[in-house]
Each structure stands twice: as structure tokens, then as C-alpha cells.
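What follows is a structure written as C-alpha cells; I'll ask about it next.
Lettered A, B, C, D, E and F in written order, each chain numbered from 1.
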Amino acid sequence: MIIDAHAHLVAPPQLNAHRTNLIVAQGQYGYPYRAEVSDAQLAAAAQNNVDIMDNVGTDVQLLSPRPFTLLHGKANWQDIVAWTMDNNDLIARTIKMHPTRFRGVAAIPQKVGAPVTDSFDEIDRCINELGFVGILLNPDPSEGTNESPPMGDPYWYPLYEKMIELDCPIHVHSCNCCNGRESYDEHFINEESLAITSLYKAAIFKRYPDLKIMISHGGGAIPYQIGRWRSHYQMFGKPRMYDNQGPELFDDILKQFWFDTVLHDKNALEHLFKTVGADRCVFGTERPGSGGGIDPLTGRPYDDLKPVIEGIAGLTPDEKTGLFEGNARKLFSRLDL
Amino acid sequence: MIIDAHAHLVAPPQLNAHRTNLIVAQGQYGYPYRAEVSDAQLAAAAQNNVDIMDNVGTDVQLLSPRPFTLLHGKANWQDIVAWTMDNNDLIARTIKMHPTRFRGVAAIPQKVGAPVTDSFDEIDRCINELGFVGILLNPDPSEGTNESPPMGDPYWYPLYEKMIELDCPIHVHSCNCCNGRESYDEHFINEESLAITSLYKAAIFKRYPDLKIMISHGGGAIPYQIGRWRSHYQMFGKPRMYDNQGPELFDDILKQFWFDTVLHDKNALEHLFKTVGADRCVFGTERPGSGGGIDPLTGRPYDDLKPVIEGIAGLTPDEKTGLFEGNARKLFSRLDL
Amino acid sequence: MIIDAHAHLVAPPQLNAHRTNLIVAQGQYGYPYRAEVSDAQLAAAAQNNVDIMDNVGTDVQLLSPRPFTLLHGKANWQDIVAWTMDNNDLIARTIKMHPTRFRGVAAIPQKVGAPVTDSFDEIDRCINELGFVGILLNPDPSEGTNESPPMGDPYWYPLYEKMIELDCPIHVHSCNCCNGRESYDEHFINEESLAITSLYKAAIFKRYPDLKIMISHGGGAIPYQIGRWRSHYQMFGKPRMYDNQGPELFDDILKQFWFDTVLHDKNALEHLFKTVGADRCVFGTERPGSGGGIDPLTGRPYDDLKPVIEGIAGLTPDEKTGLFEGNARKLFSRLDL
Amino acid sequence: MIIDAHAHLVAPPQLNAHRTNLIVAQGQYGYPYRAEVSDAQLAAAAQNNVDIMDNVGTDVQLLSPRPFTLLHGKANWQDIVAWTMDNNDLIARTIKMHPTRFRGVAAIPQKVGAPVTDSFDEIDRCINELGFVGILLNPDPSEGTNESPPMGDPYWYPLYEKMIELDCPIHVHSCNCCNGRESYDEHFINEESLAITSLYKAAIFKRYPDLKIMISHGGGAIPYQIGRWRSHYQMFGKPRMYDNQGPELFDDILKQFWFDTVLHDKNALEHLFKTVGADRCVFGTERPGSGGGIDPLTGRPYDDLKPVIEGIAGLTPDEKTGLFEGNARKLFSRLDL
Amino acid sequence: MIIDAHAHLVAPPQLNAHRTNLIVAQGQYGYPYRAEVSDAQLAAAAQNNVDIMDNVGTDVQLLSPRPFTLLHGKANWQDIVAWTMDNNDLIARTIKMHPTRFRGVAAIPQKVGAPVTDSFDEIDRCINELGFVGILLNPDPSEGTNESPPMGDPYWYPLYEKMIELDCPIHVHSCNCCNGRESYDEHFINEESLAITSLYKAAIFKRYPDLKIMISHGGGAIPYQIGRWRSHYQMFGKPRMYDNQGPELFDDILKQFWFDTVLHDKNALEHLFKTVGADRCVFGTERPGSGGGIDPLTGRPYDDLKPVIEGIAGLTPDEKTGLFEGNARKLFSRLDL
Amino acid sequence: MIIDAHAHLVAPPQLNAHRTNLIVAQGQYGYPYRAEVSDAQLAAAAQNNVDIMDNVGTDVQLLSPRPFTLLHGKANWQDIVAWTMDNNDLIARTIKMHPTRFRGVAAIPQKVGAPVTDSFDEIDRCINELGFVGILLNPDPSEGTNESPPMGDPYWYPLYEKMIELDCPIHVHSCNCCNGRESYDEHFINEESLAITSLYKAAIFKRYPDLKIMISHGGGAIPYQIGRWRSHYQMFGKPRMYDNQGPELFDDILKQFWFDTVLHDKNALEHLFKTVGADRCVFGTERPGSGGGIDPLTGRPYDDLKPVIEGIAGLTPDEKTGLFEGNARKLFSRLDL
């Protein structure tokens, strides 16, 4: 079975058209102001997505909302909640339409300055009522404006405890970026790197050994820049941040994270597997999404990663099975497929 | 000959002690307020550095000021200039003490909101009078506060034209970071990625084919995340940003940059060489610096990269010679060694 | 002929869905980033609108973009221009589909801090190339955040001179409102009042007697609050603002503005006609829009204003003809129907 | 008996001269820093006001402080309190001088960010000790800078409960305006409109049926713009804000407010009475004040409203008695005349 | 003849009452909005002042507006100008009433961010048309909020050149203070100290030897803190700020300023005369003003300084004549008495 | 015995070099990030200081950290604490090296917005564990940016109670200044004046008669400007701030403070002693520091104050003994020498 652990809802245009109205409404239509998408509109979009999966041989996708259209920052809290629910509900409805092809990863309501516990109601609703299998966490709800504490900050600890209690993984994926310097896409990678280093510095897995964190896009820059952090660990990390009680190498810490394979490059994937171990990686494509360009050398889309991984010589059959299915089942323990 | 193209001044404590006074002075001692470092103090520090080089077999280092102690942001312009000159002068004096072992890469005065042309006097002084061979450019003088235009912005074009005219390379290296979310070290990598993507989006090498830009630390995240940008290029870059007149692949654009080897990891280096080509890379260690931790597996410092590169099987002898010497001579055409 | 001088584009959902993408893109897809709406999508929306017109007997609508979805404030200028053009182009395409049923009133690009002359290219394009008959002006591009000069400020004078030269009216209609206190709908009325009083205080029609300004929604609060301003005129306006050279009464000044009939209430319309004169009013419904609620007393939508006006006893047949057709022809001299 | 329910203290110049000193003092003279106005100074001002009343046949005025000279915003709290007390005390002294001609409506101390309960001491003092009959509420203590929650916000509920308990009406009247776009006078009308729509959206009279709220100046724009809100109520208000449990029409909600007659125009007054019912209106002139201009057509001041109302044909004798006296007695139940 | 060189207008309450209206008006009454003070009102205030002078034997006072009621900061420019003119005009009218007893020192319009040349029209009007003899300069138009350049900054140089050309002195006296930490009175002294040190650091009298600057209140803290600046001059001032071309001692620089005697303490006055020389001091009392308290030890007001100075043993008769008359005639060369 | 009550640590360059690294680290090296100064480095600096003392005959210095290099404002709290401890620890180590020549006055951690009680741990550590004899208080931790409450504000009362309980004096000395208008040196004097007037207005010694406060630099401007405050006390202070229950004169209040002699001028010192009494003053030189310039008239440094004071004719032998030793023993009751 091929499980794509990183995919986003392909919504009908009515959803994003509603987002425009939501942002300008400012209470004019009452609260909550929810999107209306008909079954027919949704069914067309869902079928389109199933076709895309069939085209490359994906059996199941874990769907989360399209991150850069989520609403965080300093938006009205009631609008943040309504829009998060709209997105999660559309995923839930999509799953109902194709119960063997999709599972849900929930967006959660996040706002600059709001305590992270304010998101718990929606987490409970999605995991317990809608049967979702993980959450998508924006590590920077300030959207590039430097007003969010980094992920190692105690601000986030109640969420980590909540997710451990639910035995549910956190998919780290930044969303919109409004600082005028980076696009959301550039921000993704930077935030992924920062998530890892910040959690490393906070010795988070010493505090929460059962925490499950999946970093998007093969871990940002970190597997590539590992030398810098190995050295840092020996000079400052181990003696100070881990009180000389940490593992021998930074590599040991990095292997406590999970990674997806959304890298679209065979060499990079090989580097990832060598660096963190294929057993800490799960197949993911973000398809359809940023990898949808057609490679002129192959004529195939860059995000058609299954044959790429299958073609990596150094992987054992077990490792491949793990990548395509087993690791996802381990990480997303509520998957129930 | 082993040329280390990325190294920073190891200054005596008097220099950074002066920085403390400079920041609090606010004009109390008049302008310019310059550092005073005696020849004896400097000689001791320089000898220490030569010993470090001898220890690993480096013949020549290209010295620039320690980036995270440079003064940018919204500091007083006169202080920015004075401090930049202090740093460059200490490098020049170091070179005079060991004329066969060092060359200079100049810091330039940069301030949020100041036109980039304000740095030209110091560029001229360093290149023409002090005989420096390149400049160190902070791509984010706002120091993490989102107030600098990215490197593809026309704000920077006069500088690019100036450097082309001087046939002098730009070493891209961010400096201090004050946003409270990232450390300077985390900011380095993010800014390097952003420098590449921003220059790519601006089709900068179409406009300035003779521009020489060296990205620090093996190019941030980009060689690892190349798949994402290959796809972007096919979908948006080529048709829109290059008006369908760009090269066939994003790889062709990436190969127009130069990269150093400050990665401290053999696998990462192999990935870099495979991705951008060994002929676009120059040996660099940032030694002594962030790579100074001792690898428990080898007992050697992570930044002792010469044997690492020598041990990479896939490199031809010519490529190795290029990495250690020839490429640097090509990139830093004023090297004169 | 029944001409509805105040109506907005009923766009297919693809347009507002694009607005969501536009706002988050931040240059990720290159500039300009334009909306894509197919002819089929547009045709369906346009036919829907024609049906709505037929339903109440409207022959022609003057279409402007939906104001509260326009993009002003501090948005990226290239995005403001692209989105304005997208909206105007959709109107132009709608007119082409139904050349006897629609005419265009152009949105113009506006940004906090940008000189008003930056909008002239798009004005020229719309009036001269697309054949539009007026412009829609947001009197508060700061969107409720107090950063726009009021309409009497010299900031706006170049625009007034431009519109006089084109013999083209300005339809005053505020857009989005982001101050967290008012909704856009509440802001509309407040801005309309402020437009009138600010222009009155600046003695604008003494300076520009040929300027044609149409205030939305029956003039905000002013016709109802006229007593307050009559008194103000005698105490301060005439002696100070008009140097004792103004007309006898504030009423004389108010009658230099034009007003639409978007009031949805017979008594209010009677008050409007009595106060400013039916010859200064043009039929407008904003249909479909905020008046679309069904009156439980009549079972008809509140914005079905034609029978309401026809039923006003005090109007002469000439006045009624003027309201429904003649005044619009006078005000929109380029109407060419 | 003619009761003018909306009039402001005509203070001797010493009061406003003190305000200048108060603002600049910044604690230089200690706290509290109170105004000093002699009995002779006050008596002259009071007699002047009585003459003004006699001139138009007013028997009793309800005096509140001149709103635009009140001190709110971010002023020093001790100064806000002192200045509020100065104003209320001068009113109390005026009443003592002319006990049959005046009653008091108290200003209350308000500051951006301070809880509304901070005003309760002064409310108690004025109502219980000084015998005032109502309070003047600034719905926007941020003075046009968008930092006050609108009146429907729960921020205000403790005040509403307090006033219900005291059976005392709230006279809604904004004060100073510092946003650089509107004058205080323009702000008055906009805030009155916003007070009504905000309280309507919050279904405030469902929550507090005994709350008595008098909107100044004939209700801002709302009676004139009623069509817009009738439609809103059918589309959004009734189904969402009132959970389908509200009255049939928006008109039923509007009639739960009280209105004064400070409109200075016969047609506007007729529209007001038709729209909200004469039984919800109380005579008010704000005389001497903004209506003091002399109408060139009549030679009389615009704020001489008694003959205007007496001349409205459609009012019954009972309605007129109610307007001039009975409604005020009902609304201001503590009037005791 | 006793000339009191530092006194402020004692205005009737109507002036400050107008200031209250001016601040809230925000254009509601048109521009310019000028104060109205009747001759009778002014005459009473002027006579009161003459009596106060007679009471202590002062022949002539140099009147400037009451500094802390001036309007600077970010106020509306038109209001700043109008209020400055109101104040200067009242002084001119007072002089006309008592031509042998008063001379004028003009307030000038100042605003944060406005070029200092914007004040030149009012300077010309006051000096050339009204016959004033000096100007009162607020060295901190930002009123304690750190947004004004200090007096040594080139921002001020055009003003210095203007005053040299007019041969007219600058009376340095800060005005209102709004930073919430200092009262205006505390700010006065701090600004006076800063004026001296800032002008000293800029070597202003080397640049402008003919500039005449009178520091209020005996020079703030500087004559008392002179030791600190003597040392500073030897260590940094002479070598750096004066390029080793300054006078021998800081004292020589301090003696280029003028000082008034508004110190209200015999010992302090003795210290002042010893430190800067009696020939650089002019008699001033600021009476009536901050020195109006009654000394319990003498029963006389603290600002009755004539007998205090007369009682200083160390002064020669010539020095005393100079203090009371001659120095003022030298400094205010246009005095014409 | 000559006790110099106002002297600052002369640290080796390593300390201020560390400050540079501390500020840029932003957590990169973990928390706490402490300075490393070797015994040899410290011993050289300490010996240097002892030599300076011997040179002018000082027996004991009370050492506090160099104020303008302390870290306050909005710096990271953990860095503020670490840096404060670094400084205090270096003083403690210096005392251990020369136990008969030095005593410690502790810097305390202060941050804008942090409650003053956050400094208590370090106070306890320094007084109780390290044996320090007083604390150095920055009255403006906002460093010139107007964000600190003045010293009379209740914000500070818990600290005053703490210091009374410890019977330990507070040395008032502002530190860095970042407002771009004043240098730290100018800020010192202004803050000292403000400390006195703010505490006076708050009647602090009525509330805390046992509080011991030493104002640096001879009391800023206040002894010189005493006339202004004497008058203020009679007009406003006594009746309002002291409820007519204060002492007869402002002088009586001023004499409740302690003052050091860091004035570097004989006349000024005479004025100080006359004004506040020699029994409220303690010998202090701040040597080596701002008084280190060489007086061209004497050839001696300005801060060699012992002979200056010895040469003041008006002082009795007892007063001199008190100044040099006795008063310090009284004020610093924990001195134990």
C-alpha cells in the first residue's frame, strides 16, 4: 500500500472565494460566518484528486488544509476558528466520499498572542469526532513577523503534552508569510530548519520522549547543514543545553524527528536517508502542489516520487516498504487502514 | 596551494571591548570614535591564527570581519562606518604582518534605509588602497527584522554594477540577528537560501552575467531543496520571470552562483558537488569558528575539511585542485598570490 | 429606459478565489499575477445578472467592481494594479457579452501614501480603451485606519482635474474596512457623510465647478443631518471657508453633488428628493447586494426600488424620467446608449 | 412644560483655561488638580444660559458637560477623573443656582483600556449624591483612533447592568476626535450610527430589555438609512444574530432606542417621527451649540426647534406633549420636576 | 533702569480657554482659527502685570509667551502658526498699552519634522513688523519624546544664520513635556543643560561666533556640573570636537553663552557669577511664575530677585549695573529704550 | 581613612569583549551565557586600580559596575541577569584580591516592564553572600526612552522596603542612554535631578523615613536649582503633596537625601555643602572615569578631589572627617572596615 503522508485538500473555488468574503466581513454577517460548499462542488474536486492519485499509484493520502491559505496572524479569533473548521470539515466530507482513499490531518486555530490551549477544542473535535490522525502545526502563526515564540519555547509545551496524550503526531508546516521579504514557500524551508534547531536547543525529546514530530520537506536545511549542528552540539549543546547528559552525537537527536520525502530530487532523498535513516522518513509528495512542474528531462512531474524512491539503489526492500507504508502506520498510529 | 576562501578575523579582545564602548558612547567622545589595538595585541592574535592554519595545512586564508559582530540595523551611521573601518584595518594590518598567509575580504557599511551607494567609499578604500580581493555583503542589514529588501530587489543593483566594474566577488554572509526568534547562526542559512531564490526570481544573471556571487555555507538549503525550485522554474520561473527566455533548467541558474565548502559533512559536500558542480565551489572552512567542535568519532575538529574533501572518491584530481586553489583564483581574480 | 447607475459586478467564484491566492502569493508566482476566469464561467455569472435585471425591469446597469473586495491599504502596489485590472477587465468582458445591458465604472488602483496620479494609467485605459463611463473612488484607501487625507485635501486635486478633463464622474464609494470597529457597510455611510462635509469645507465646487461627484447611498447621513450643516455654514462656513463669497445656503452647496437612490425606503427617498432635489439624483439599486433581503410586509426584495419611486406621489413625470434615465445621461455623459 | 433633554453646560472661560493647564501640568501641581471657578463667574454664565432658554420658551434643560472638551483617550487617569468631576460639579452648582430650570446628566471618566467599571464611583456620586438624572456616555473613548470596542461589545455590559439597576438612561454622545480625518462634529454622527448598528448586532435589548439608551442628534444616519438595515436584518440579523428569535422587522428593534430631536430641520424631524415613532423621541436642542447659526430664510437660529415641532402637521397633540415633556419624564425617571 | 529679561505674558483666561477649543476643533471652524480677546480683557491682565512689576521695582519686562502653553509636537501646522501668532499679537497689544514697560520676545512656530525655516515668516513678522527684540526657542519641539535633534545638530543652523543676520538673540526655553516621566518644569532644566553641551560638542561658536544664545534659569545644571565638562573638554572635546583648535578651557566656551538669573537662590547666583562671569548674565525673574512662592524665612516671594542680587557682596557696582541693564542692552541690541 | 564611595570596576578587556558576544548570541550558546575572565587578567586590572588609588591617597573604594555598560532596556532577561552577575562577581573577586582596599556596591538586574521584585534574588546574593554594602540603582531602565516610571512611582516601593529591611543604601546612577538625543553622561545628570524631584513630589521620606538614597554627582542640578523647588514647595508641594504636613522648607526635604562629591569643581562643592550640609555628603571621585582629564591650570586630574575638599576653608575638621570617612560609615552601615 502506498500512503502519501503529506497532501493538501484540493478545494473547489467556492472555498477560497469564501475566504475573501470572510476577511472583509468583519462581523457584518454575524459570527460564526461559515463557508458553503455544495456536495456537488466538493465531489468534483475530490474526484479530481482521486484521479491525480490513481495516475501515480497512490492508495491513500493524508489530507490537511492548504497551509498558505490558513488564517493566523492577528485575524479575528472567531474567523480563525470558523475558517479552520471549514477546512477540516471539507476534508472530513471528502473522506466520507472516498473512505478508503483519504485520512485527515487537522489544521488548528492559531493566533498571535493566544495561548496554544485555545486550539484544544478543535483538536478534540477533529481527532475524536472526525477521526483525524494528526495535526498540522504552523510553527510561526505570526506569519513571518517575528511575533511567535520558536517551537522550543515553553509556550508550546501544553500542546506537546496534549498530543502525547492523544498519541497523535504533529506535522510541522508553516503557512502564510506576510513580511514582504520571503514568500510562503521560502518561509516553509526556513521555518522547518528553525523548528528542528529550536527544539534541539530546548532538549525537547529529553523532556517529551514520546512526542512525535514530522518535519515537512525533508527537514528544511538541517540534514544538509548537519555538520554545523554536530559541531554546535559538541561545543555548546551537550555541555550546556543537555547538561552533559545528552546522547553522543547531534545525529542521535536528529533521528528523534520524523521527516517526509517532499524533496523532488533523488540525490537529496539519498542524502536524507543516509543522514537520518530511512526508518525515520515517510513517503509524502504534496501532490498536487509545488512539485507539479514537468521535468523537461523526464517529461514527468517532479512530485511523482514513487519511482524515484523505488530507484534508489541503497535502500533495502524493508526500508522501501517502511517508507511507503510501515513508517506512516507507526507514526500515524490512528491510521486504521 | 590550499586557499581557504572563507575565514574571519580572530581579533584580540580589545576590539570587541571597544565595540561595547562604541555602542554606548552615542557621540559622547566625538566622531569618529575608532578602536585602538596595539601591534603587540594584534600580533599575538595573528600568530594564533597562523598556528591554527598550519595545524591543518592551510596556506592562505581570505579574512573578512567576524560577521555577527558587525554593526548594521539602525545604528548611527558614523559608528557603522568607524566600526567597519576598524575591522577592515585590523585585517589589513594582519596581512602586513603575514603577507604570504592572508588576503582581505572587506566588510562594508550598511544601514537600514541608507542607499547602497553609501558603502562605495569604503569599498574603494579597501579594494584600491588596502588591496582587498572581495567584499562581504550582509543580505539583511535589518538583522532579522524584515526591513531590508531581498537581494533581487533593484535596491542592490548599483552595488552589483560597482562590483562588476571592479571585477570583484561578493561574499554573501548575513550578520547579526535581532528578531528574538532566530540566532545569527540560524539566520545565516535562511538568508543564504533567500539570497539565491530572490536573485533567481529577479533573473539577476540575465541582467548581470558578469556578477560574481559566492554564497556561504554551501548555499544554505538550496542545493538540498533543489527539487522544489526546479519545479517552480518550470511552472512560474521560466514562463513569467524569464519570459520564456531562460535556460532549460533551474540547475543552469544555480550553477551561475559560487559556493564555499563550509558544510562540515562529507555527504553534504558530495551532494553539493553533484548538484552545482565542483567547479563552482571553493574551499572554505570558517576556521576557527562554528565548526570548531571535536567530532567524537574522529577526534578531529569538524572544520578540518581538507582531508574530508580529499577523501571524496567521486572527485577528479583536477576538480580537487580547483576546489583547493584554482576556483578561488578564478573567483577572486585580484588574489595575486 | 431604466438605467441603474449603481451596480456591481457579480463575479464567478474563481475571481474571489484568485484574490485569496493573490494575497498570499507575495511574489511567489511572479508579477503581475493575474486572475484567470474562463468565458464560460463569466458567461454564467453575467447571464445570472441579466436575469436579475429582467426580473425588476432594469434595462441597463452601470457595473463597477464589488467595492469591499477591492485591494487598497498597504498592499503590494503591483498586486493592487493587477487586481484592479482583473476586475475592470471582467466588467469589460461582461459588457462585450451584453453590449446593450451594461456599462462600466472603473475601479482605480489606490494605496496609502501613493500619489493619486499613480492611478491615471488605469483611468486612461478604462475610459479611453475600454469605454468606461466613470470611476469608482475609494475616499479612504486606508480602509478605516485614518491614514487617508479626507476628500477635501489637496492630495486629491490632480484626480479632480483629470476627471474634469475627461468629463467623467466620480462615484464615491468606500471599500474594505479593517479597523476592527466598523464593518465595511457601516464604513460606507460614514465615509459618504465625510466626503460631503470635507468637500464642502474645502469649497471644492468653487475651485472646480465642473467636477461631477456622485455620493453613494443617498448621501450617507447628510441629507438627514442637513440642519447641523446649514447652521455650520452660517456660523463658520460662509464667513471663513467661503470668505463670505459662497452661496446663501448650505443647501445650494449640497445640490452641487449628485446622489444615487440606494436607500431602500420610500420615506428616506422622499426626504432625499425634497432636500437635494430629484434632479440631482440618479436611479441606483446596488442590486444584487445589500438590499437583497425580502421585506416581510411586501414579499419583495428591498432593492426592488423602481415601483417604490414610481409610487412617490410628489414627483412629477419629468422628475421620474430624470431619475430613471435623464439624470444618468447628464451625469455620465459618455454613456452612449 | 418644555424640557430640553439635550443641552450642555455653558461654562465661564476659567473652566477651559484650566483645561489647558491641566493637560500640560503632568503632575507638576500634584493630584488631583482641580479647576477653580468662582460663584460670581459661574453665576454670570448660568444667567446667560437662563436668558437663552427664556428667549425660546424652554422651561428646563438637562445639562451635561460640553462633550468635545471632555478628556478621554490615553490621558492620565487622575486628570480624567478630576476634569470629569470639575464639569459635573459646575453643573451641580448651576442647578443649585437655578433649581427649577436645570437638571444634570453626568459625564463619566473613561479611558482607553480602563475597565468600564472604573467609572462607577463617579456615576454613584452624580446620581446618588448630586441628584443627576442620567449619564453621558462617550461610545468611543479612543477619540477616533479605533481603540475602543463598539457599544455591542461585552466590554460595556457591566455599565449597562449598572444603569439598569439605577433605572437611569444613557445619553450616547461621542466627544473629542483626534484622528486627523474627522472633526468632532463629523465623528458625532458616525458614532451615533455605529452605536445603533453595533447594539443591534449584539441583540442588546434581548439581553437587557430594561436598558434605556438615548441616541443624540436624531440617531445619526440610521433612521435615514433604515432600508439598508431592514434588509440586513432579514438576510443576516434575524437568522444569525437573533437566532431566528428576534422581532419581525428591524423597525421593531430601532424603536427600542430613544432619540432626541437635535436635527434642526423640519423634514428630517418628520422623517424621524415617521420612522421610529414620536413616542420614542424627546425634545432636545443642544442650545446654545452647533445649531446656533441664523437661518437667512427665517432670521431665527436653527436650534429654535419648538416652533418647528409645533408646526409639524402630522403630530397629534398627545404626541407633541410627549415630545416636549412626557417622553422625557418617562425616559429620565429620576427627573423629579 | 531695571530690565527683567525673562518674563512671560500674563494672559486673560480667554486665551487659554481658546487653546482648549483650538485643540479639539481639528478644522471644524476653518483655518486659521484665531483667539478673540477683547481690549478690556487684555487691559485688565496687563495692568495686573504692571502692578506686579511696580511692586518689586522692575521698569521693563521682556515678555514672551508662557512656554508650557505653546503648541508644538505633532499638532496641526496651521494651528501651531495661529496659536503662535495669537500669543505674539497679545504681547504686541500689551506693549502698545504700556510702551515704556514692555518689549516682546517672540514665540516661533515649531513642529516635529518641519524644517526650521518654516518659522522664518513669523520671525520676520515679529522682529520687523511688531518690533520684537528676540525669539524664544524651544530646543525640543518634540516635547520630551526624543524626536527633536539636539541644538548642535545642523538641523538648526539656518535658524542660527537667520538670527545672526537679524542681530537678534535666541532665548532657549523648552515648553510643554508629554513623555509621562518629567513635568515641563523638570524638562526645562534638563533641556537647558543639553542645549549647552550639545552646542559645545558641535563647536557652534567656532562656526558662528556672532550667535547670541541666552540659556534660561541660570544655565540648567551646567555651571554647577562644570567640572565634568572641563574634564570632558580636555579628554575628548579639545582633541576631537575642536581638532585641537579650541580655547584652553571649557570655561572659555561656557562664557560664550548668555545666562539669565532665574535661580531664586543667592548662593546659586553667586556660583553662577563666579563660574561664567557677571558680564554674561542678565537680570531675569520669570515673575509672575514658578518663583511666586512665599519664602517663610523672609515673607517675600522667591522671585523678588532684585534685592538678592543687590545683596551679593562680591559684585562690583559696574557688574550690578550690567546685570540689571547694561548686559540686556548689549544682548538685546534692538531694545531701543 | 579616605573612603571613596563612588567608584566603578576597572575591568579587563575580556569583560566588555564578552558583552559584545552576549548581545549577539541570542541564545546560540545556551543560557546562562557567562563571561570568562581569568585570575591573571583580573589581577592586572585590579592592581592597576590600586595604583590609581595609591596615587591620590584613597584607602578604600566602593566599587560598582561601570554603569553605562550595564544591560537594561528590553534585553533578554536571562542575559541581563547573567551580565549583572558577571559584573558583581568580578567585583567580589577583586575584593578578595584586595580585601582592605575595596567594598562592593551591587548592580541589580532591571528590565523595562519587569516588576522590581525580580531583582531581589541578586540583591540577596550580593548583600548576604558576597558581603556587598549597597546597590546601584538605574532610575531609568528604559535607557532614555521614557518607558520607566519615575522614582516616586509606587512601582519602586517594594525595592525601597527591601533596602530598608536590609539597612542598605541605594546609589542612584543612571546607565546607558539610547534615545539618540542625550549621551549617557548628559542623561546621568538629568536623571539625578528627576530622581530627587520625583521622590520629593511623592513625599517618599514621609512614607519611608529610614530609606537611604545617595544621589550621584552632587545631586544633578537640584542643589543649584534649589530656588525653583523651594518656591514650588510653598505653592504646591506643602499644601498638596504633603497635605500641609511636611517640613517648613524644601531644604529640609533635600537634606534627607545623601550626595556624593563627584563634582570636580571647588565652587560647586562649596555650593553643595552650603546647600545640603556637609553631613549629608560622602567623598566620591568616580576615579578613574569621567573626571580623568588633566586640568591645564593645575596639571592634576580633575577627579583628584581630596586636596580640593581639604582646601575648602568653610569646612570644619569634623565635617572633613565626616566627608572622607564618617558619613560613608553612617550611610553604608554594612561597611565593616
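Convention: a residue touches a chain if its C-beta (ideal position, glycine included) is under 8 Å from a C-beta of that chain, and two chains touch if they have at least 3 such contacts.
This is a predicted model, so every value here is computed, not measured.
**Q** Leaving every chain except subunit C exactly where it is, which of them still form connected groups?
**A** one piece
**Q** Using the touch definition from the top, list the chains contacting both subunit A and subunit B.
**A** The common neighbours are C, F.
**Q** Between B-E and D-E, name the chain pair that shares the greater number of C-beta pairs in contact.
**A** D-E
**Q** By mean C-alpha position, what chain is farthest away from subunit C?
**A** F
**Q** Taking each chain's centre as the mean of its C-alpha atoms, give the chain farthest from subunit D.
**A** So the farthest one, by centre of C-alpha atoms, is B.
**Q** Measuring centre to centre with CA averages, how many angstrom lie between subunit A and subunit E?
**A** Here the centre of subunit E sits 67 Å away from the centre of subunit A.
**Q** If you average the CA atoms of subunit A and of subunit C, how far apart do the two points sit, in angstrom?
**A** 45
**Q** Among all residues of subunit B, which ones touch two or more of the remaining chains?
**A** 27-28, 180, 182, 185
**Q** Mind giving me all the chain pairs that touch?
**A** Every pair of chains meeting the touch criterion: A-B, A-C, A-D, A-F, B-C, B-E, B-F, C-D, C-E, D-E, D-F, E-F.
**Q** Considering only the defined contacts, which subunit A positions touch subunit D in the complex?
**A** Within the complex, subunit A touches subunit D at residues 27-31.
**Q** Show me the residue ranges of subunit E that touch subunit D in the complex, using the header's touch definition.
**A** Listed in rising order, the residues of subunit E that touch subunit D are 12-21, 24-28, 68-69, 76, 176-178, 180, 182-185.
**Q** In the complex, go through subunit A and note every residue touching subunit B.
**A** Result: residues 140, 144-146, 148-150, 179-182, 185-186, 189-190, 193-194, 197, 217-218, 220-221, 223-228, 230-235, 248-249, 263-265, 267-268, 271, 274-275, 290-297, 301-303 of subunit A touch subunit B.
**Q** Would you mind writing out the residues of subunit E in touch with subunit B in their complex?
**A** Of all residues in subunit E, those touching subunit B are 201, 236-237, 240-241.
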